[in-house]
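I have a structure here, written as structure tokens, and I will follow up with some questions on it.
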Amino acid sequence: MRLTVYLAGEIHSSWREEIKEKAQTLQLPVDFVGPMENHDRSDAIGEEILGEQPDAVFRDEAASSFNNLRTQVLMKKADLVIALFGEKYRQWNTAMDASAALSLGKPLILIRPKELHHPLKELSSKANATVETVNQAIKALAYIFE
Amino acid sequence: MRLTVYLAGEIHSSWREEIKEKAQTLQLPVDFVGPMENHDRSDAIGEEILGEQPDAVFRDEAASSFNNLRTQVLMKKADLVIALFGEKYRQWNTAMDASAALSLGKPLILIRPKELHHPLKELSSKANATVETVNQAIKALAYIFE
Amino acid sequence: MRLTVYLAGEIHSSWREEIKEKAQTLQLPVDFVGPMENHDRSDAIGEEILGEQPDAVFRDEAASSFNNLRTQVLMKKADLVIALFGEKYRQWNTAMDASAALSLGKPLILIRPKELHHPLKELSSKANATVETVNQAIKALAYIFE
Amino acid sequence: MRLTVYLAGEIHSSWREEIKEKAQTLQLPVDFVGPMENHDRSDAIGEEILGEQPDAVFRDEAASSFNNLRTQVLMKKADLVIALFGEKYRQWNTAMDASAALSLGKPLILIRPKELHHPLKELSSKANATVETVNQAIKALAYIFE
Amino acid sequence: MRLTVYLAGEIHSSWREEIKEKAQTLQLPVDFVGPMENHDRSDAIGEEILGEQPDAVFRDEAASSFNNLRTQVLMKKADLVIALFGEKYRQWNTAMDASAALSLGKPLILIRPKELHHPLKELSSKANATVETVNQAIKALAYIFE
Amino acid sequence: MRLTVYLAGEIHSSWREEIKEKAQTLQLPVDFVGPMENHDRSDAIGEEILGEQPDAVFRDEAASSFNNLRTQVLMKKADLVIALFGEKYRQWNTAMDASAALSLGKPLILIRPKELHHPLKELSSKANATVETVNQAIKALAYIFE
Amino acid sequence: MRLTVYLAGEIHSSWREEIKEKAQTLQLPVDFVGPMENHDRSDAIGEEILGEQPDAVFRDEAASSFNNLRTQVLMKKADLVIALFGEKYRQWNTAMDASAALSLGKPLILIRPKELHHPLKELSSKANATVETVNQAIKALAYIFE
Amino acid sequence: MRLTVYLAGEIHSSWREEIKEKAQTLQLPVDFVGPMENHDRSDAIGEEILGEQPDAVFRDEAASSFNNLRTQVLMKKADLVIALFGEKYRQWNTAMDASAALSLGKPLILIRPKELHHPLKELSSKANATVETVNQAIKALAYIFE
């Protein structure tokens, strides 16, 4: 049994690499999917496909149509979602993806540092499991295969 | 035809009052519901009902179980959701509620200042309509009744 | 038992008035809802709420966000949908609403002149009933209450 | 990860060939499905299976039962739908398929020339992404696999 | 709390009258709905609305479009369905309505004489409750209100 | 693309063999599933597993629990359902399966001799396609693969 | 806004009375529904309606068909479910109702003494909120109306 | 056609081994999944991943978040669920899993000794089939493949 896991979260650091490496080390039968990690490409894809837009707001709207399309297709294929929150960035997109996962009946593992427990209390309560580090998330994932 | 509208957003300012007053002025047949607006009570409700919890994280978890229960019941009754974002506060709970609304098939009006267009681009693209002020949201709501 | 009926179709003629008058004559316990019938207002509502948009395409996008919001709320309330097609106008919006109705499990009565049977054959096959005139649609509606 | 894409649209031109060739050139792991492209066969299939029908309307109804059956089976298998609109033809069937895709939770890419922005404004607003050419649709599709 | 109950079954005898009278005697807060009980009208409604059809098969198809429309609207409003089977008539429509009720999550009470236990064994197993007489069905219904 | 087709209908004749042979001749990529065709085994399975039951009614109830279990698992796997009706037998189980298929969103092909058009008019109207012979059903099925 | 609350749990003690009294004291706009509380009647209803059954197992099966019918109708009407567990009785029916509530998207408040935390840990984790006494459950309920 | 079967029930005895052996002997194309069978590990997994918890209740809550996550993922993959009840243990988790299976539309086979017919009467009535031994459950499972 293979599982597809969607990794939701900021696309500025390389936290996904850490998860993939650990999963590979443990030989977990998991395929990872996620958003476009090249931040500049993610922002520019709208104008790249449709051409220049009137201003920054429309530029973002154009990019979002293609990014949301991509996320919708990939999350549909996922059996489980891991959402990571950190100190930096607004991460409203991450909260949106985490919540969408729950509504789609996909189990959700929330990774957040202890310091962010307060602003994430509601999402944490809804998630299947809340952990503080990538390591703990991997353990929760590996546990499914035992 | 009356509509029930859930107002999702931070509970620190009185933005909901402004919406309710404007709706009343226009005599819109709308009932508004929303989260517990007394911030201290919202944070304390867990320990108030269950007793003292071991630490701040568990205190938040306890409170969230009752706040999420309340939100789930009220949002179920809603015909439409208005979610407001502002500069202050993490507002991950707001993003979670806005996304839950969409997944439940409830139309969503997103209110956000122009300056926040970038971190909210994906949510904005998914929402039915995005406006910048409470006034505009009221106009969109009133339009439904014309 | 009252029924709410959504009237989907072009907003250039007064066909909805005919349906409402006939229903009233027969004293059918029906409430009718539908799109904004003032065509200019329907097209202008986007810029009216959000301000001037860069060009005609964005003007339409803005208006559509509010019109789709309105339609989604009203169609949710409907027990049945009547969709009318005629010779004039593209009516892709009508086809979209008719199809949305079917997918939402709402019964659909399709009104179309015999001459349009070919381009509407697939939609007609999916609809619960296909008639040629408003009179026949009213009879089908009245039959539900007998 | 392979994707199945349903190509909705008129069956008079060879636009699907263009999409398939471009996808093949980019080596996208995509399988394309769509309606019966042989227009005469599509119209005749009803009488071919059931025998001669009383008139043209019934001839169309018979054909549509088999064409809708085929579309329903194939669209169920699809992960994403691309709907193309052009100047010619009524294309109400295309609007119906595009809308059905959305209601089934299948992401939708709408291809339409800029000149048709007005009659397609509502469908465009609901679609995940709107582009103007087949080339742009392929780029949006390819982006999912990056 | 009032309940709406759909009475599915043959429209040749007056079994529905018996149920309604007994329910009234017990003062059960129940509203009953059901198919068109005037058998001739039920068969003729297609041609009455659409005009003469080519033959008996098309006559039936036309009538069924309006009868199914009516049933769909009324069954949507029902909280519970009672389906009665008897020795006479094919009653495939009854089996179809009973099964549709189950799939719609509506509780189903099946009334069938003991002699028909064999051909109805599968439907009986799926139904919430199986009884043999109208009296017993009324008791089951009354029990809900105790 | 392979399809799984559930063949619903009486288990007294060998009509399924005819369908399977024709499908094989045409090399259709189809897997067929259906109910237990050994009629005696189908009726006896309850007592075979659970032991002797008090009377014929309970004997049938026991058997139906295992037959419905089997049908539910197999129909879940099906992409399409073909339901055959004939002159003999009550076939209420067939009507139940056909209706369940529709409610599960599975396309349905109804096979019935012309003489049975009247008692099957409502089910026929709901089905995707209605044909009169196994040959025609095979043609409809083959058409999906063209 | 009134809420309907289903009270799931053993029918041997009068815990429901306590909840109703407290709710009335607080003037909560709540209507309570629940299973048949007369234990003997609940067990006997099957034979009362259908007549004597072969043995105790069939007696229970008959009763359960009517009790499950009743529960299904009432729980459908509920906005929220409260499930109480205590030391005595197997309460598998309670666990079944609590779980059904969750699956139906109905918020669930679980009441259980601290001593039962271990066997109820999984259900508690899924429930919206877990409390230890009827008093706490009432507070959670009242909080929704503040 | 392979089936995945989730085995719900207590994790203290080796009843699952018996089922797997018998299935293997009959060469049934079935893959079995189930909860973590190492009871100590199941209870300790919370603290193992998250670290020591304040007390036994929180220890259980932590473990349950990971066990429910695991169950949710595995049950999603299941085509059918077998739930076993025995004299020992509270088994509220088993009742919860059995009920969740039903709500997810997964067929359910209930195994329970005759002596437990009374407390399991409601669940038994809802299950597709109720048997008394593992042997009978295997027969019901094998029957699907005949």
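Per-chain residue numbering starts at 1, and chain names A, B, C, D, E, F, G and H are given in the order in which the chains are listed.
Just so we're on the same page, contacts are C-beta pairs under 8 Å (C-beta built on N, C-alpha and C of every residue); 3 or more make two chains touch, one makes a residue touch a chain.
All of these numbers come straight from a predicted model, not from anything done at the bench.
K.L.:
Chains touching subunit B and subunit G alike, please list them.
P.N.:
Correct list: H.
K.L.:
What is the distance in Å between the mean C-alpha positions of subunit C and subunit G?
P.N.:
Going by mean C-alpha positions, subunit C sits 44 Å from subunit G.
K.L.:
For subunit B and subunit H, what's the span in angstrom between their mean Cα positions?
P.N.:
A distance of 39 Å separates the two centres.
K.L.:
Taking each chain's centre as the mean position of its Cα atoms, how many Å separate subunit E from subunit F?
P.N.:
23
K.L.:
Counting only residues that touch at least two other chains, what does the list for subunit C look like?
P.N.:
In subunit C, residues 65, 68 touch at least two other chains, as defined above.
K.L.:
Write out all the pairs of touching chains, ordered by chain label.
P.N.:
Chain-chain contacts present: A-B, A-C, A-D, A-H, B-C, B-G, B-H, C-D, C-E, D-E, D-F, E-F, E-G, F-G, F-H, G-H.
K.L.:
For a test of understanding, state which residues of subunit E touch subunit F in their complex under the given definition.
P.N.:
Residues 56-57, 60-61, 63-65, 67-68, 71, 85, 89-93, 95-100, 102-104, 114, 116-126.
K.L.:
Spell out the residues on subunit D that touch subunit A in their complex, using ranges where they run on.
P.N.:
Listed in rising order, the residues are 1, 3, 79-80, 105, 107, 109, 128-132, 136, 139-140, 143-144, 146.
K.L.:
Which of the residues in subunit B come into contact with subunit G in the complex?
P.N.:
Residue list for subunit B touching subunit G: 4, 31, 33, 36, 41, 45, 48-50, 65-66, 68-70, 72-74, 76-77.
K.L.:
Using the touch definition from the top, list the residues of subunit B that touch subunit H in their complex.
P.N.:
By the definition above, subunit B touches subunit H via 54-55, 58.
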